[in-house]
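Right, one structure below, let's go through it.
Chain lettering (A, B, C and D) follows the sequence in which the chains are written, and residue indices restart at 1 in each chain.
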Amino acid sequence: MERLRTIVEGTDTPAGRTFDLVVQALILASLATFTLETIPGLSAQTKYVLDVVEVVAVVLFSLEYALRVTVSRPVWKYSLSGFGLIDLAAILPFYLRLGIDLRSVRVLRVLRLFRILKLVRYSKAIANVRAALKSVRSELVVFMVATVLVLYIAAVGIYYCEHEAQPKAFASIPHCLWWAVATMTTVGYGDVYPITPAGRIFTFLILMLGLGVVAVPTGLVSSALTRGKVGGADVDAGEGESRDNR
Amino acid sequence: MERLRTIVEGTDTPAGRTFDLVVQALILASLATFTLETIPGLSAQTKYVLDVVEVVAVVLFSLEYALRVTVSRPVWKYSLSGFGLIDLAAILPFYLRLGIDLRSVRVLRVLRLFRILKLVRYSKAIANVRAALKSVRSELVVFMVATVLVLYIAAVGIYYCEHEAQPKAFASIPHCLWWAVATMTTVGYGDVYPITPAGRIFTFLILMLGLGVVAVPTGLVSSALTRGKVGGADVDAGEGESRDNR
Amino acid sequence: MERLRTIVEGTDTPAGRTFDLVVQALILASLATFTLETIPGLSAQTKYVLDVVEVVAVVLFSLEYALRVTVSRPVWKYSLSGFGLIDLAAILPFYLRLGIDLRSVRVLRVLRLFRILKLVRYSKAIANVRAALKSVRSELVVFMVATVLVLYIAAVGIYYCEHEAQPKAFASIPHCLWWAVATMTTVGYGDVYPITPAGRIFTFLILMLGLGVVAVPTGLVSSALTRGKVGGADVDAGEGESRDNR
Amino acid sequence: MERLRTIVEGTDTPAGRTFDLVVQALILASLATFTLETIPGLSAQTKYVLDVVEVVAVVLFSLEYALRVTVSRPVWKYSLSGFGLIDLAAILPFYLRLGIDLRSVRVLRVLRLFRILKLVRYSKAIANVRAALKSVRSELVVFMVATVLVLYIAAVGIYYCEHEAQPKAFASIPHCLWWAVATMTTVGYGDVYPITPAGRIFTFLILMLGLGVVAVPTGLVSSALTRGKVGGADVDAGEGESRDNR
């Protein structure tokens, strides 16, 4: 039992590492079937193969869940943890589907997505990133709020410039917010864009002032990540963090 | 009276903090009604609800304004400050609307937007950002000027490359400036783009040289923000700044 | 004479500074007429006003040129310097136009653009930026070359993926280079884009690897600019640079 | 023989440097013919010229290959190295084409692309970049994995928001991945974009959270490159690296 716990919960023994790799491969396989299922016009044969992979994955995930519950000390610790609930949510929809009508619960399958988060669980390097994020947390919040303000101001401004010229594309401030998001992130789909001189000049001004605001958080994270390394403190900080992580 | 001033102007007591939170919630509610009003095809009932929220918000903002004027020492200090004028501008349009014809003053409602700035008033973390911006101010100015030059050169260059091939999209240098803004910020709506080989080669060259110029200010702010933190000086600098801020 | 030289070449006396400001205002006015002239459908009156501004600007620029030649010691120093040639190139097209046929030399007017560079002449803060650029020059060159390689690889790759499916949009590797430029800079006009699964997967891969390469130069400049400031060395370096500048 | 080796393998003597420059010029010429050949509608004469350049280039490349094999000590060292295989792959397709049917091996010509990598061989400055990349390798991996996760989550989310409204553009999760790539890199071609309010709100949220993740690697490389220089260690590190490089 003690040995089983080392394999299931630990990552220090070869057996423990193999167990984790198998689980992760299973998650990837299950995500692949989830993705491929949505392609329209699959042959009956392909659908059958995907269904088989799906059933096998769920059965193995259920075994994994049972194992984790069994080795957990105190026994409720795993089932009530965040990852325990996610693991349950990842297999439950399948069993619910067997009992109730298929269609009405299909939306629950989105929860399977959280299986991705399992992958996050094992990497030590992430602790480094988390420490960097923590060190610039308050600045990140300021710029997130500033981004929302800039987007709103952009939307109101363009509404007054373009609403009359393009009453459909810039129908309301919520519509203009969509333009603001696509423009200030520089995605620029081209589904809506200003055509009046006033709207274009306003777009230029808000881009000059706003691009910095929207793009600063990214720069902050990068700077924080490399800054931590200058002092050589990243190894200690990383290990200290990862202890909390388990 | 002294106690009232602590609540209205200060953020140190629980009552003061509650007062600020209520005002901020009110600002958000008022912005929400402003935003939703612009959606076309609202039912009469929805419009009525929005009007009620609007009236309630203005009444409460008026009370807040009266309170702030009352507790201000010397008495004219608040009303003549930047925020005092913004607060007045945020409620005045409503009262003006009651007296004069509705339509002619509608444009004044844009001023309500400045209520957003009230949100800026309370955050201490912003002082940090202001100090960082100040430390790279002259470089920011240089790159802002350089950005305008790059945009102008891009516009003139593309005018000579594309005007003959697309006399409508690239009709004049002001038209080309719109292309330059959309291109150099990498928004790229796709409403105007070069089609001649010369225009495309010019676009490539100006992007290679110009992207750096346009994007540097963002990087400057990020670097300045994290650099301040290395020396551990950000706390002092931040507090020194925030004192001026009140 | 000595006094005149101080005014024309120096920026330390009030008179010298006023002279520079007048010249810069003149450059902006002349660029404005150049820009507005290209708008189609101007009234005869507007054209007349623009022509007058143009003539006045050229006359004043000629006076300035004559002044600068006069005060220059040794006398040929200014006329053979980079700025002397630019100043000449900025006024010469006008006089050429008087003698020869108008249309054939119109293209020479592009040279007026270099007047913008005069603006560059006076700012001290630019020296700071130049020092930063110099310190990362070799890395900038490496990434510029890498950018060209990435663009070429992207063009060849997409040619093999998309040429058969879209023989017109991806007609040849030069055509694909245009797609590569628009994509790797994230401008994304939307005039050409991959439609085959192979082309889309290739686009994803080349974006993952290439975005970093294309965007690194910008980050380099920002980092270099703020790094120089940490050591407090930027003032000295800046002044040392600006001396060469005059 | 010893002298020949110095010329062919070294870059320290004038003759060695000339040899390298000639080879690089040849690579560029050969890439130019490869590029121009793909343009449709070339005249017979142009095709003939391109073919001649191609043959000359291959002959010279073959001579270079023979030379390198000859001077290599031990003799198999070069032919089994990475660059030896690339050099062989760059000339082999031409000889294969002579024997077998032309069309079936045309795809092999893509390998000529690797000639570009020869250019990489000679620059010392690249060692600097490699050291910087190495120092942030683990963070780069974390953010690459995070980027893939963000793209997948974006694709699944938009599939549930938009599939019903646009069953063709958002036909399956693989289709949505294409939208996710174009959006999260901010390329934004505009071939697919959300039209439902749910899809647009989701796009806003995923952009706010995801842009940082996707763009951080670029910032990391820039910071690492300039950070290395602060300590003055870049010269030593660079030279140490370049020794392994030969």
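Going forward, contacts are C-beta pairs under 8 Å (C-beta built on N, C-alpha and C of every residue); 3 or more make two chains touch, one makes a residue touch a chain.
Because the structure is predicted, anything quoted here is derived from the model rather than measured.
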- Fraction-based call for subunit D against subunit A, same above half, different below: different
- Message: So which of A-C, B-C or B-D matches C-D, with over half of the contact pairs the same residue numbers?
- Response: B-C
- Query: At what distance in angstrom does the C-alpha mean of subunit D lie from that of subunit B?
  - Reply: 42
- State, to the nearest whole Å, the distance from the C-alpha centre of subunit A to the C-alpha centre of subunit B. 29
- Note on the structure: subunit D residues touching 2+ other chains are 174, 186-190, 215, 218-219, 222-223, 227, 230
- Query: Touching subunit A in the complex: which residues of subunit C?
  - Reply: 186-190, 219, 222
- What does subunit D use to touch subunit C in their complex? 31, 34-36, 38-40, 107, 110, 113, 116, 119, 123, 125-126, 128-129, 144, 147, 174, 177-178, 181-182, 185-191, 214-215, 217-219, 221-223, 225-227, 229-230
- Item | Contact set on subunit D toward subunit A in their complex | 135-136, 138-139, 141-143, 145, 149, 152-153, 156, 159-160, 163, 171-174, 183, 186-190, 193, 197, 200, 203-204, 207-208, 211-212, 215-216, 218-220, 222-224, 227, 230
